[in-house]
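Shared between the two complexes below is chain A, which pairs with chain B and chain C, respectively.
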Partner chain A sequence: MSKIKEIRFKMISPEIIRKLSVMPVVTSEVYGPDAYPIDGGVMDPKLGIIDPGMRCQTCGGRIGECTGHFGHIEFARPVLNILYLPQIRLILTYTCHKCGALLADKTKLEQGIAPKKLKVMTTCPDCGAKQGKIKLEKPSTFVRDKHPLTPVEIREHFEKISDETANLIGIKGGRPEWFILTLLLVPPVTARPSITLESGDRSEDDLTHKLVDIIRINHRLADNLEIGAPDFIIEDLWELLQYHVTTYFNNEISSIPPARHRSGRSLKTLAQRLKSKDGRFRHNLTGKRVNYCARTVVSPDPNISLNDVGVPELVAKELTVPIKVTKNNINELKAHIKNGPDTHPGANYVTRPDGIRKKVINENKESILEELAPGHIVERHLIDGDITIFNRQPSLHRMSVMAHYAKIMPHKTFRLNLCVCKPYNADFDGDEMNLHVLQTAEARAEAEQLMLVEKNIRSPRFGGPIMGCDQDYISGAYQLTKIGTTFTKQQTAQILINADIIADLKKDTYTGKEIFSFAIPKGINLEYKANTCRKCETCKKKECEHDAYVIIEDGELKKGVIDTNSIAAFKGRIIDTIDMEKGHSQARLFLDQITKIITRTMMKQGFSISLDNLDTDKTTRTNIEKAIDKQLEVIEKQIEDYKKGKIDVSPGRTPEEALEDMIMIELWKITNMTQQIIDKTVDETNSAIIMARTGARGSIQNLAYMSGLVGQETIRGRRIFRGYTGRTLSHFKKGDLSPTSHGFVRSSFQKGIDPIEFFFEVMKGREGIMDSSLKTRVSGYMQRRLVSALQDIKVGEDYHVRDSSGTIIQFVPGEDCVDPAKSDRGYLDKQIMTKH
Partner chain B sequence: MSEKDILSHELVSEHKILTKNESQKILSQLNVKPDRLPKMRDTDPVVEIIGAKVGDIVEITRDSPTAGKTKYYRVVIPE
Partner chain C sequence: MTEQLPGPYEKIDLKKKDKDMLKKRYKQIKYEVGEAVGVIAAQSISEPATQTTLRAYHSEGRTQLVTTKGLPRLIELFDARKIPKTPTMEIYLDKEHNNKEDARKIAAKIKETKLKHILKEDSIDLINLRIELVPDSTLLQNLDITTESIITLIKKSIKHINISCENEVIMIEIAQDKKPDFTISDLQSIRVRARNLFTKGIKGIEQAIVECENNQWIIKTLGSNLKRVLKMPGIDASRITSNNIFEVAKVLGIEAARNAIIKETITTMREQGVDTDVRHLLLVADAMTNDGTIQAIGRYGLAGQKSSVLSRANFEETVKHLTNAASGGEIDPLESVIENIIIGNIAPIGTGMIKLKVKD
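Up next is the complex of A and B:
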């Protein structure tokens, strides 16, 4: 096989059009009264055939053999090729209309300077002819000194230009006059097939419609030229021809009304066939379609395993798995066929060894059952335990596509475990996900070994767990494991049995820590600080009065509360350790069990937040007010100093900048002090503070906004200055520098903010939204570029990392041969390595 | 900064031209042909300073946070 070395795109010359063309297309009539295509029309069978049973009149090929043949249209008057408007303008401007000589500095062009940067000579250096100014009157008329140029004039001008001159201006691989069309290539019928509707009517392709228009107008123009019709009629028709040819090339030119279908829909012409998301490139060449897949809304299921996905019965009856009949599974498969296609664990098709494929319907299932024998292939419904591939777009990393075991369920949504939301970045506000059913044993084995959820708990990005508990699971774990939580024997039994833990309960009461310990495998030993750690000056470790020092001995939680640092994604030490020391399935089991334990205990205890959580007592409030007033006074004084010119200015800064810096520091102190006061005085049992300290949701900062004060609103890290001249809003005096007039919000959300404060708050909010949307766009494009650059690189059996051409990129993957998805934060723990 | 100084910069790894014998040994050890090796231009500043010629194989000893020191081989190609 020969290789394509290069592809060159050039303009097409009239000679090549004539060579390619098998016939001139001369008539705008398409079908005759017998519904047979008219000779010389756009559907002439010489241009290829689309109806079965017919033969091409050019090459004699049948449908599928003949790929079609080009025709051509000869224009009565030439028209501009709209796609080359910029080039035509360039040539008109930089060449003499009398002799075609270059009107710019030749040596500079030879140096590779773009013609646009060079001066145009006003008189021709060769013939001395005066040159006019070229303007483009939209959509496609060129004007030289108020005299409109016809395509004929332009073409005559271009014919005078030497190849060398054209080359210098940047017209390579063709003659400039080819920009003005005298011939139009008519694409084969096979490139614009007509569709026969149910009613028997033919519906033509948009390109065919457009070609008919062009031929019709061209015909009328030719007729009128022949009879010597008045100029204005000729001009109108010529302009109309230009319009049709223009829209034939591109129907989305801003200055031209798009050509429309009778229904009002604008026509999809050549450029539209290629362009954008549903164009030939992105839709047909880069895009792929698959069978055996399903897509629906996802919803949460706290009882489903991390490895499972809940599949609606409706989907399971449509998606099938081909199973080869053996003497061991024949009875099982017979049961499926007996159920038929409409009852759930049924079957849809049976293929015999001779290749005959039969659809299972209730009427023929008896006969199929009779002849069923080893060697047949039964396409049975999806059942519990089948391996499937689950995906959520955008697929930004490899955990966006993972293998799950199917679990057939009622209703119409895919159900998934909450710990697997993070890698998919899924929530349940209407997100949809895709499911694929694997069709071969190899694919199933590969998916199960490499893509199963539990095998992807550790992320290759940072070598830590990417799955874990969040939100209520965290605050629930804290409530469960904090000092003082106890359950009776009965309650404990209920909790444990729900989590599928069988245990011999000997005691009458169990503490939360003991219940949690049932889920931790034996042999796990850990010691670390919890997220609730108050960062005391000297950590008392075991004796921590906040119970924030976690000690796990041989799978027993001895001390400390469980929070983000134990069971969350990214930080969860327990998940991390179990995954490393006990294996992926133990880590999955741990997540399955603790989430169930936590949901049960949360159902018993309850956890909620109310407005009461935001109340501050009188002394706290006055403390905060005092702090604010003190700082505001400082700022007031700074402003006065500034007005008197008594301000310290560091070199290179203006007094205004210096003042701003000072004010910002003082304002920042307000927020900081408020936060500290709230952190210190808030009740330990306050739900909001529990969520903030355990890392379940929110932060002390959020709490300070709600019950302390909102503080300074900033735009691009500075106080707000935009608005009217000298002031932000008309409610302030010009030149007012006070905090209130530049976005300082003294109120808290609980107290409520006044309209001016609200205005500033919304300004800040808008900045945030703009930032995040901009960031996703930029990083999305960055990701695409990286993926395109790296997608073909792989590790070979010799451990060399090579690209698709076989060139070595690295001699050993990552230069350390460590699979980050199997590493401990990028490193290998030698102790664990030697243990296995 | 003089030209030679770039070799002592902390971001420039140690470069060493391999002898004919060493090159042969490395190539057979890695089981690759020289045209499959990563390339470096003869106009590369380090190549110019150490005086490697087109076709030479340069051994680069790099620091790695996870692997300590690693060896990398690049073949010099004409500009």
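Up next is the complex of A and C:
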């Protein structure tokens, strides 16, 4: 197969236009009375065909065979090509209008200095002609010393310029006079197909409309020139022609009103077809559509492996894998064909070595089976274990596209393991995902080696696991491994068999820690603080009374509870260590097994949250109230001081700002104190606190909101000042600076908040929504720019980081050649490094 | 590649066993040829930017200097804006001056003082048609300014006036030769000009506060002027930082600017609790400063200056790039990613760099 080596960009010359063109387009009429395109019109069948059943009058091809042919229009008077306006201006300024000589320092141009940076000579060095100043009068008229230049004059000027001069100015893709159009290439009909509406009317493409306009005005101009009409009529028509040609090329030029459709919609002409997100480049050339893909809603399945994806049978019957028949697999494939296209492990197509492709239907499967021989290609249904590519948009990082093994299942959704939600950022409130089936052995091998889920557990962003357990798995692991959890032999066996762990159970009872240890591979040694760590002043380590110091010896969980710091994404030390020391598939197996163990134990123990969890006892309540009152008094005093003018102002700040700062600090103290009180007094078995401490979900702050107080609502980091002049709501006096009138919510969610507090709360909520909706756009664009700027940078064959043109960006990638995607949080070995 | 471990590991004293283990691991975790480090760096920076809340403001425990943070700051850095929204400096002091009094003194010296900052009162006397300025004597003493120096300053900067001084009050009158054709509004405009006269300190430093971190006195400023501050006595010039990368490039050179970009980006991200490997930011900074100047990430910077026409046309300003390519007779060598996707080839990156023959 031949490969494109390079693409050369050039301007099109009138000669080439003539060569390309199969006919001059001369009439502005499009269809005749018989609804057949008129010869010499823009829809002439010589230019290609779009209606089925017709044949191209130029090449005789049918629809699909003939790609269309160009025509041309001959202008009565030349017009400027608006797209080349900057170039035209450049040449006008830097060449002599009398002899076409260069008006700038030749040697400097030869050194590669851009002409724009050079001085323009006022007299021609060759012929001595005085040069006028060139001005551009919008949209497309050039003026030299108050004398407007016609395209004819410009063209004559450009014809005098030598190739060498043009080259020096930077016009290397053709002759300067080609910027002024005498001929217009008419694109084939196939590039601007008309659509037949239901009513039978034809609706023409925007380009066709524009071409008709151009031909009509060109015709009128020609007629008027012939009869020798007065100059002003000619000039008007010429200008009109220029307008139509201009908008034909680009309909979004700021100084020109855009050409509009009858309905008022502006026309989509050549530039608009290429430009921006829905243009040819970004929509069709870089974004390509594919076959062998499926999209449906995703739902969770805790019973499948991290590497698997549950594929509905319906999808599996539609998506196929081409398999070449060999001696070894012929019987297998025969079984597929025997099943036909409608029963699951079936086949849809068979291609013979001579290239003939047959659809397998129940009627012909016998005959296909008979002639099936090695060398045929069978497109069989997707079956368990086939490698597929799974993706959720927006694809923000490379873990948004990963390879999974298919697992065919009933029902109509894709099923995925819960640990893989993090990298995809998926939840199950109606999210949809895409699945692609690979068609070549090369692609399958690459996907399996590089893109398989287990090989992406470690994120290249920070060198830690991006997959792991969250939410119920964490609180479940805590429940399982905390002191006092025991199971009988029978229960243990049930739990382990569900997790596919085969073990010789010798004891009568097993503790949760022991059960958990079954999943940890031998040879893992770890020692670290759990998330439940209370940050005591001196860490007692092994003797921790909260059981928050985790010790794992040779794969045995000796001490400590399992929580976020052990098995969650980002933080999970155990996942991290297994992946590093025992390999990707062991890490995957560990995740598969513990998730199953945890789901089983959760089924036995249960975990829930109720309103009782938010109740605070009387003393706690009064303590909180006291703390609030005390702080509010402090603030009141500050406000009084401010009113008396006694406030301490740091230089560069106004007294108002200083007061605000002080109030904010005091208010922040309220929330902080409440949190501390609740943190200290809350019951250890409180579900909310378990979730917060283990890191499963929520935080102490959330609990404080519910049972303590909501606290200060802020907008843009300040208290709330919006609303009426001098006050937030009409319930307050003007100039009131008290916390209550500026968004302080004293109540808790459990107690209920009053209407005014609710109003402030909602203001804050709205800010959050605004923020996130604006932010996604801004950061999306930042990502596009970053990727565009850096996408070509790669590690070269010589281990230097280079961009596409070969420029060295870094001599050693990352300065130490350590790939963060394989590193221990960016280090060779974090433990050794942090010790020293 | 050499058998050596990365620098920091060579320096530390390790047991033979550990060293061998590290060497073995180092071999395994090296970058591989063809790795698309650029894309990974870009994704590692922007993915957390979209996912987590990169807040621009945060309420708790804030200092008096409010600076741009979070996503807006990141974009500002990648855009390579000439002047950041909130330029700041951190000035460290040398050993002799590392105490509160000296820090305060230096801070006061650095801070830009305009005439209006040291005036107790200023007014227009409508009867005598003159401007009366009353300087704050305590402030004058603190800043080491005399009334005379103010007078000479005004004399030097504003023309056609007469200045006199009585009992600490500076009076400005219109000069005799200009008297016939002047109005009150002229007087008013002179007053405004006089008020904004630069009297003391370093231009551009709006605020200077003194803080103590780990027994180190630091002056944090709003506004940045490295060139002038570096000449101040008492400061530790080796540790001074500015967040204005263009200024850093101008004063200290491109290598310093590269370090400034890395420092600014990584602290912005760490501040928001985003854990990103430095190597990604190293790459971005290296790419931005590769040609000796600071280039932005965007249309007028890196993305707009690539050699490939199709790649540029695909990014932004499609038509402009295509027409320029045609008139300039440019050649697209199809060396990078996007062009190869456009024409349907395998892009020469990662496994696409290696050709594999499949045996039929």
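We adopt the following convention: the second predicted complex is superposed on the first by the 557 of 836 C-alpha atoms of A that agree within 3 Å, B and C clash if a C-alpha of one lies under 4 Å from a C-alpha of the other, contacts with A are read in each partner's own complex, and residues count from 1 in each chain.
The rule is short, and it goes like this: a residue touches a chain if its C-beta (ideal position, glycine included) is under 8 Å from a C-beta of that chain, and two chains touch if they have at least 3 such contacts.
Being a predicted model, the structure only gives us computed values, none of them experimental.
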| item | value |
| --- | --- |
| Which of chain B and chain C A:Ile809 touches, first, second, both or neither | both |
| Contacts of A:His800 with chain B and chain C, given as first, second, both or neither | first |
| Chain B versus chain C as contact partner of A:Thr776, first or second or both or neither | second |
| Which of chain B and chain C A:Leu790 touches, first, second, both or neither | second |
| Per-residue touch tally on chain A - higher for chain B or for chain C | C |
| First, second, both or neither for A:Lys644, with chain B first and chain C second | neither |
| Which of chain B and chain C A:Leu450 touches, first, second, both or neither | second |
| Which superposed partner A:Gly826 touches (first chain B, second chain C, both, neither) | both |
| Partner chain(s) touched by A:Gly717 [first = chain B, second = chain C, both, neither] | second |
| Touching both chain C and chain B, counted on chain A across the two superposed complexes | 807, 809-810, 814-818, 826 |
| In the complex, chain A residues that touch chain C | 3-11, 83-84, 87, 170-174, 179, 250, 271, 274-276, 279, 281-282, 285-286, 288, 394, 396-398, 425, 441-442, 446, 450, 460-464, 570, 650-653, 661, 664-665, 668, 712, 714, 716-717, 771-772, 775-776, 778-780, 782-783, 785-797, 799, 801, 803-805, 807, 809-810, 813-823, 826, 828-829, 832-833, 836 |
| List of chain C residues in touch with chain A within their complex | 1, 5-9, 12, 14, 18, 21-22, 25-26, 28-51, 53-54, 57-62, 64, 71, 74-75, 78, 111, 206-207, 209, 222, 275-280, 282-284, 286-287, 290, 297-299, 301-303, 306-311, 313-315, 318-319, 322-323, 325-339, 341-343, 345, 349-351, 353, 356, 358 |
| Chain A - residues contacting chain B, complex | 798, 800, 802, 806-812, 814-818, 826-827 |
| Residue numbers on chain B that touch chain A, as the complex places them | 30-32, 36-39, 62, 64-67, 70-73 |
